[in-house]
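Across the two complexes that follow, chain A remains constant while its partner is chain B and subsequently chain C.
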Partner chain A sequence: MKLVGIELYKLRRKHLFSMVMIFLLVEISWAFVVTARSVSGNSVYAGWKALIAMLSSMNGLFFPVLTAVCVSRICDMEHKGNTRKLLLAMSVKQNRLYAAKYASAAIVMFTAAVLQALAAAAFGITSAFERSVPLFLLFRFLTATIITNMIVAALQQWISMAVKNQAFALTFGMIGGFIGVVADLLPHNVRKVFIWSYYTGLSPVTQFYTGNHVIFSIRDTGSMVPVMTVLIIAGIVVYFAGSFHVSRQEL
Partner chain B sequence: MIKRCIWAELMKLRHSRIWMILAVLPVISVLIGCGNYYMNRSVLTKGWYSLWSQVCLFYGEFFLPVLTAILCAYMWRLEHLNKNWNMIMTVPVPAAGIFLAKLAVVGFLLLFVQIFLFILYFLSGRLAGLDPGLPGELPGWLIRGWLASVTIGSFQLVLSMRIRSFAAPVGIGLCAVFIGLGMYVFRLGLFFPHSLLTVGMGVLSQTGLSPGENILFFAMCLFYMVADSIGAIYLLQKSDTMA
Partner chain C sequence: MNEVVSTYNLSKKYGGEYRVKDVNLSVREGNIYGFLGPNGAGKTTTLKMILGLTKPTDGKVKVFGKVLEENREFILKQTGALIESPSYYGHLTGLENMRVVQRLRDLPDRNVVEALRIVRLEKQKDKKVSEYSLGMKQRLGIAMAIVSFPKLLILDEPTNGLDPAGIGEIRELIKSLPLQYGMTVLISSHLLSEIEQTATAVGIINNGVMMFQGSLEDLKKGKQPDILEKTGNNWLAQKLLTEKGYSPSVDGEFLVFRNLTDEQVPNVNRILTAGNIDVYRIEEQKKSLESIFLDMTGKESSL
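And then the complex of A and B:
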């Protein structure tokens, strides 16, 4: 906990939270404008479902890049200042430093996901969608976003810590965003290999086209649980593989 | 002088493997775009135009600006390390030379990206069974796309010069992409660098630009490049160096 506090303390003048806020503001503004247009233009659009589906697909583009940027900023501090050696000389274990950095990145991304869900609820209420706030649906959406974010963060941290040149980590995030946004176009077997596709893959609302109409349907919760379990296990494996590799690197 | 500055910038990139970063985006765009085109040929009936729309939709709209931002951040990375700002500001070259050399190298590398995209687009189209006759608008899309990406590059170079973080300017670049998309939707696409790319590259609409729009496009690109360069050079000359 102390190390996590120190990591967050290091971020105090980096404007990381304000940058995340601006990022989120742009994303949700765009999603809200598009959803408001869709809902007003077509009565068959179910407000909440359309909103959650829109946010899920936009998360596929935004969150991989946002995660890459946040994790890169948290890890790059040590590369730039050459401070990893200094920290280790103060008998901070490499794996604990890795864990503290991951925890602080996770806190930032968790906050972003919660704020997004709260903003979605506020938008739905102010737009007077027909039904009241579907708390369970929003909770499922939030869970899906957080789980996917955590695994993407683990992957990004591995690269950001292992490779000093952050261009590679950000390019990886950009590729993730690309795959996240085109995930729905890929065949199912190909899609499930890519972690970034789970922003839409785990979304509680799915959409498909029939002629000129978009039909939204709610996914069965039970079918999502095994997928989430596998993803969490994959995330743990990625995290420990990264921690193991980075801890044994020569500084 | 500028030649020597450009040469110095190229030397800095010698072992950077930046080419890998630049090559990966066109490859992925073409792979996914071509795959999607091939699987939906019954709906996408406009041949090369449909293939262009599939390849360039996400490439031109979202990811070329992000790639440009990464490249620009990389161009200033060395200056932000090891107190190199002190060193670069004491070399006997004008501030204009430093910035313009970086812009020239960014332009050169983005030209490589566009040429590589064209080669991949042509090969994938042929593999997908399209006729050799390419669209007449293609040179315009590629050249305007390149020019617009250099315009975005000038903006990103200013950001990366001022912001010491590598990742923050990339994030700002992605936000600017959405502002650009909004400008395009409100038919103001010719007035913002990121939407200039959407317009110029025929990302969302493959209809060519009218002569008047073409003139406005080139004028706006030039305006932004000159404004960004003047601003950056002014900052280099007047503000104190933070090594």
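And then the complex of A and C:
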């Protein structure tokens, strides 16, 4: 916990939280405008589903990039100032430093996801969607976003810590964002390989087109549990592989 | 005096080539140990192994009498270090950088104040480190190393980037640490003058191999002075003496004899007089530390 506190202290003057807020504001504004338009032309019953489907889809584009930027900023300060050897010479263990950085990134991304869910609820209420706030649906949406974020963060941290040049990690994040957007167009067997596709892949609401109409349907909770379990295991494997690799790097 | 740092056949291989080979280093309590060697000699690699930042290929490190591998946390809690270029968070102020170390080491505020005062950064403490000069960054690095007032202080080229006045200040600071705070200092440098003025014991490393270890006096004593002779015909004198089993070299107007004993000096003189060669002058030339280093490392005096 002490190391996590120090990591957050080190983020001073990095303007990380304001950057996340701006990013989030752009994303949710876009999503809300598009949802408001689509809802006004369709049945009000689709309101919440349309909103969640739209946010999931937007998350596929925005969150991989946002995660890459956050993780990169958290890791890059050790590369820039050559501070890893300073910390290790003060008996900080490499794997603990890695864990503290991951926890810091997780806190930031968790906060972003929660704020997004709260904003979605506020938007639904103020837009007078006919049904009351579907708490369970929002909770499932939040869980899906957080799980996918955590795995993307584990992968980004591995790259950001192992490769000093952060342009590599940021480019990787942007490629992730691109895949996150186009994932729904890929065949099922291909898309399931890419972790960025799970922003929509784990979303509780799925959408499909019949002629000129968009149909929203709610996925069965039970069918999502095995996928989530596999993803969490994959995330754990990526995290420990990264931690092991980075800890063995010569300084 | 107890041994604070001792290494046993410490070796490190990179790409099949030894960067450090069988180094047996011994730093005693209260000493300022100057670890001297040219760039690329293996100083930083050795210091990194002592701090556990690099894993040795072979050999063992003991600090405070304990094996490093098994007691890393215990050892590092009592050790301060500045390795290679100073480490810092450029987006934070000097004071905030110190706070990071303070929180990591659980230190009181007074340590931070004192360390900043010692390196004379009190007035610059609220400035972002990215705006510091290289010398100020170096001072901050030293402040972060001494903030816990450790028993052992390891400084790798601490005067890099400092101006002459700054070098003088840091030198005086290092000299004061054992007396004022009971620290043992292990300082590496490629500058002979720096070590000569601060160290109480020296180790000289070249191409990864320890060439000498002991006091500066021992280093000077260990080398016999050269004997210089000026003759009427140096070329003939050299030829004659070579036939008699001596091996003088010609350096300007002088014949130079290395490792000549007191008994051999009059004998050389007799040979030359018997050979009808005039001897104008016989001189003893004591070796400076600089020339001793040159002999050992075969490199320039700024090693």
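Quick note on the criterion: the second predicted complex is superposed on the first by the 249 of 251 C-alpha atoms of A that agree within 3 Å, B and C clash if a C-alpha of one lies under 4 Å from a C-alpha of the other, contacts with A are read in each partner's own complex, and residues count from 1 in each chain.
Please note the rule applied: contacts are C-beta pairs under 8 Å (C-beta built on N, C-alpha and C of every residue); 3 or more make two chains touch, one makes a residue touch a chain.
Bear in mind that the values here come from a model prediction, so they are computed numbers and not experimental data.
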Fit or clash - chain C, chain B, common chain A: fit
Touching partner for A:Leu97 - first (chain B), second (chain C), both, neither: neither
Touched partner set for A:Phe23, first chain B, second chain C, both or neither: first
Partner chain(s) touched by A:Phe168 [first = chain B, second = chain C, both, neither]: first
Which of chain B and chain C A:Val65 touches, first, second, both or neither: first
First (chain B), second (chain C), both or neither touched by A:Ala183: neither
Where the C-alpha centre of chain A sits as vertex, the angle toward chain B and chain C in the overlay (nearest 10 degrees): 80
Which superposed partner A:Ile52 touches (first chain B, second chain C, both, neither): neither
Which superposed partner A:Leu142 touches (first chain B, second chain C, both, neither): neither
Chain B or chain C, by number of chain A residues touched: B
Touching partner for A:Asp76 - first (chain B), second (chain C), both, neither: first
Three-chain overlay, closest Cα atoms of chain B and chain C, distance in Å: 5
Set of chain A residues, in rising order, touched by both chain B and chain C: 14, 80
Chain A residues touching chain C - in the complex, by the definition given at the top: 2, 5-6, 9-10, 12-14, 77, 80-83, 85-92, 250-251
In the complex, chain A residues that touch chain B: 14-15, 19, 22-23, 26-27, 30, 61-62, 65-66, 68-70, 72-73, 76, 80, 165-168, 170-171, 174-175, 177-178, 181-182, 185-186
Of all residues in chain C, those that touch chain A in their complex: 48, 51-54, 72-73, 76-77, 79, 81, 83-92, 96, 99-101, 103-105, 128-129, 144
Touching residues on chain B, where the partner in the complex is chain A: 16, 18, 21, 24-25, 28-29, 32, 36, 58, 62-63, 66-67, 70, 73-74, 77, 80-81, 165-168, 170-171, 174-175, 178-179, 181-182
